[in-house]
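I've put the structures underneath this note.
Both complexes shown next keep chain A, but they swap its partner, so chain B is in the first and chain C is in the second.
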Partner chain A sequence: MASVLLDRVFKTYPGGFTAVKGVSFAVPDGGFCVLVGPSGCGKSTLLRMIAGLETISDGAISIGDRVVNKVEPMDRDIAMVFQNYALYPHMSVYDNMAYGLRNLKTPEPEIRARVSEAAKILELDDDMLKRKPRQLSGGQRQRVAMGRAIVRKPAVFLFDEPLSNLDAKLRVQMRIEIRKLQRRLKTTSIYVTHDQLEAMTLADMLVVMNAGRVEQVGAPLELYERPASVFVAGFLGSPPMNFLDGIVEKPGRVRLTGGGELAYDAAHFGPPLGAEVKAGVRPERVTFSNDGSGLPFALELVEELGLGQLVHGRVAGGDFTVALPASHNAPSGEAQHLAIPADAVHLFDTKTGARL
Partner chain B sequence: MEKRATFSNKFLPYLLVAPQLAITLIFFYWPASQAVKESFFIQDAFGTTSSFVGLENYRTLFADPYYFHSMGVTAVFAIAVTAASLSIALLLAVQADRGIRGKMAYQTLLVWPYAVAPAVAGVIWIFLFQPSLGYFAHLVRALGVDWNPLLDGNQAMTLVVIAAMWKQISYNFLFFLAGLQAIPKSLIEAAAIDGARPTRRFWTIVFPLLSPTTFFLVVVNIVYVFFDTLGLIDAVTGGGPAKATETLVYKVFQDGKLGGDLGGSNAQSVILMIIVIVLTSIQFRYVERKVTY
Partner chain C sequence: MVENRPFGNILAHLILIAGVLVIVFPVYMAFVASTWDPATIANGKLGLLPGPYLVENYSRILFEGTGRTTRAHVDVMLLNSFVSAMIIATGKIAISLISSYAIVYFRFPLRMVAFWLIFLTLMFPVEVRIYPTYKIVADLGLLDTYAGLSVPLIASATATLLFRQFFMTVPDELLEAAKIDAAGPLRFFKDVLLPLSRTNIAALFVILFIYGWNQYLWPLLITTRDDMQTVVIGIKKIVTVQDALTEWQLAMATAILAMLPPVLVVVVMQKLFVKGLVETEK
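So, the complex of A and B:
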């Protein structure tokens, strides 16, 4: 058990490319932290620095109350699950799980006890323990990789996109199992993914990264409801948030560049008058008005999801999506009007992208 | 599932393999069968008549103490060259692999001198150790060793081992390097996190994963040492001194070409052929069964 602390961490690769630019955050003991961001934003680099597989160019990483910048991976008391699982192909599943304990010169009877305990938790039977990794399915290999991590009882688990090689159905199933497992073991975990849904569902604490920097840290719902930047607002949520460009005309009202007006909650946003803003609206916060009032919406396509409908169209010269629950009927006819509640509107500075 | 090509014409496949079959028949089976046949005959001193003697040539051969001596020489030679060239090549490949993984492109270029130089060096060794003119010969003598491979059998053996080994290192190096680069980096990283120090990582992860390459190279190197070192031994020691470096192949050459004992020489060839067949079939069996993981 240990907390993990990152203090202004930088990574510059030998080629001169800076992949991580001053990242700071703290994962409390027993917390489940998810690093999420688009591909190439430096998530794996950061995780590998915590693991000790990459050097730290500047800043400090602490595990527990110890700065680990110069500590070997094996002495950091961590375990890592790799995207390709990295199982030792020439060893049986049992030997794969026992490898770390054998390196620590743990007595064989204890190794046997720990491996069979882990195998039971992960529902790996005796027959599977005897097999080689290549004789297992993707989902089973994934379990073995997890098993190898938990037998060592490390202070911190690190996961690098552990589910991205599985098919969609198995991914959902394993996601739930990982969460249950972490609740049960209460081991501090840092989990990397580019999938915002996986991130939202797993995390106690979400760290959204973009181009080597942290955009926002917080609980998933907090980030969803109060995104600190256009990037976070657009990255979390599916379908993504709609954005409309405009200028603040008077308190509580934005004049849209493409025509029309939008009301916002002046108690929550205080932009200077005349400021250029991006107004963000989540698709599920919008409905269609019956009385012909509101912003004109030119309907283009309706997608039926079963769980609801996605209505795609154009508003004020830009694309706009409305998500309707299954109980609503999709509107018929091209010309529609939107009902957008004022408290559903987020305002961001057009130039900096920051929440106003 | 494997996909198989199918032919609509029954004779086409035979036609297609015909050239390959012809070459194998003319250059391998025909001489081989001649050797087997000749091994049952004795030629007279002038090579004009030959008479059938049955197993007489083999009987003579197995009564010849020099033949067993030659087997021993071959075994020592083969083991020394294979062990030395494989370990040195593996050591170099591990170093090169580390360099390449660390710093990419320009170190890839460094592989080439590694790979090419030993082949050239094989010839240079011969000059370097030449007793009267060679630089190393002077050096070794300055260290107090009475260096004269022309008279000392062990020194002659050392010299041919070194010369033969250097030619193999580059070949082995390339195979080992390719084998090392095929091992996913994440396996090594997982082992590092799992608490294995570099030496232990090498012996528990890297070396077992290289075993198919190693086994292949062991067989290739033994075959090389058995059959491909004739010219080298002829140039460096001529099988001497006092047959100290006379390997089985060199003895075939010596007895057949220089000694004129064609029957005996052919009998030796047949035995060598049997050795190759055994080695190769072990390789096939073993590669299929144990070495794969």
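So, the complex of A and C:
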């Protein structure tokens, strides 16, 4: 059990490329932290730095109350689950799980006890323990990889996109299992993913990264409801947030560049008058108005999801998506009008992308 | 693809059978020759059937020595060949495993220089560097020893390259997982890399054993004592005689015996050998 602290961490590669640019955040003891961002944002590099597989160019990483910058991976009291599982192909499942403990000179009866305990948690039966990794399915391999991490009883679990090699259905199932497992073991965990849904559902604490920097840190819902930047707003949520360009005309009102007006909650946003803004609206907060008032919406396509519908079209010269629950009927006819409540509108600075 | 073309099958088998005959017939003739007396062979009366001298010929080369030219028994020659081929094969594998491990997994100064130097030696076979090598071996007092027969042939660029290519296909995550699993460099080598290279090692062993067994020029140069001769040299010596009938029956019997160990190695390791050439376990 330990907290993890990152203090202005940098990673610069010998070629001069800086992958991580001054990242700071703290994961509390027992917390589940998810690093999320598009590929190339530095999240995996950061995780590997925490694991000790990459050197730290500048800044400090602490696990517990110990700075681990110069500590070897094996001495950091961590365990890592890799994207492609990284199981030793020539060892049985049992030996895969026992290998780390054997290297640490753990007595054999204790190893046996820990492996069988982990196997029970992960529902791996005795027959499976005798098999080689290649005789297992993807989901089973993933379990073994997690078992290898569990038996070590580390202070911190590190997960590097562990579910991305699994098919969609299994991914959802394993996601739930990982969450349950972490709740049960209460081990501090850091999890890297590019899948925002995985990030939202797993995290106690979400760290959104972009281009080597942290965009925002916080609880998933907080980030969803109060994104600090256009990037976070656009990254979290599926379908993503709609953005409309405009200029603040008077408090509470934005004149859209493509025509039309949008009301926003002046109690929450205080942009200077005349400022150029991006107005963000989540697809699920929008409905179609019946009386012909509101923003004109040119319907282009309706996607039926079963769970609901996605209505794609154009508003004020830009693409716009509306997510309707299943109980609603999709509008018929090309010309529609949108009812957008004022409290659904987020305002961001067009130039800096920051929340206003 | 499942095909059922009887004619194609028959044709393929005919060609294969023809190929087998071409290879096997001379070997069979060698065996037949080793069972006759020299007069029959010299007169060209050798038929297709084995003669009555099988036991005599073989017991002569094994227990009495081969007579005029090579005084040593063939079993001594076989032992010499076997020992030096084993040292060459295992030595080559051991050294190239270690050197390719260093080249692939460690960052040290002049790493690429070291790699290219090894690579360059591919272009200098034993024959090219034979004089300096002979000089060194002679100065070290290794003439007529097993060390002299095998050590100069051990350094191997081919095997090093082969293992290097193999190591580079081993996923980095395995190394990283091992690092986190508290395995140091030696443990990783012993517990992960070596077992993964098992089939490659077996395939190489077969090739290198035969390479060592078939050495001709080098043993010819550095062995002078009869009891250090290898069997390949022995055959040559039996064949070259002056002012007398070549004892072909003895030469052929020796050749048959000389053929057996490599064949045995191939047969025993065939499964691993094929596996090593066609598949990798990762």
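As a working rule, the second predicted complex is superposed on the first by the 356 of 356 C-alpha atoms of A that agree within 3 Å, B and C clash if a C-alpha of one lies under 4 Å from a C-alpha of the other, contacts with A are read in each partner's own complex, and residues count from 1 in each chain.
In this text, a contact is a pair of C-beta atoms (placed from the backbone, for glycine too) under 8 Å apart; a residue touches a chain by one contact, two chains touch by 3 or more.
Quantities reported herein were computed from a predicted structural model and do not represent experimental measurements.
On the shared subunit chain A, the superposed partners chain B and chain C overlap sterically. Shared-chain residue A:Ala79: touches chain B and chain C both. In the superposition on chain A, contact of A:Pro14 is made with chain B only, not with chain C. Contact with neither chain B nor chain C is seen for A:Val68 once the two complexes are overlaid on the shared chain.
Of the two partner chains, chain B and chain C are each touched by A:Ala51. In the superposition on chain A, A:Gly100 makes contact with both chain B and chain C. Looking at the shared chain after the overlay, A:His90 reaches both chain B and chain C. Once the two complexes are overlaid on chain A, the chain A residues touched by chain B in the first and by chain C in the second are 51-53, 72-74, 78-80, 82, 84, 86, 88-90, 99-100, 103-104, 148. Interface residues of chain C, counted against chain A in their complex, comprise 171, 173-174, 176-183, 187, 191-192, 195-196, 198, 281-282.
Taken in their complex, chain A has these residues touching chain B: 14, 51-53, 72-74, 78-80, 82, 84, 86, 88-90, 99-100, 103-104, 132, 148, 152.
Taken together, the chain B residues at the contact with chain A in this complex read 103, 184, 186-187, 189-197, 200, 204-205, 208-209, 211, 293. Interface residues of chain A, counted against chain C in their complex, comprise 51-53, 72-74, 78-80, 82-91, 99-100, 103-104, 134, 148.
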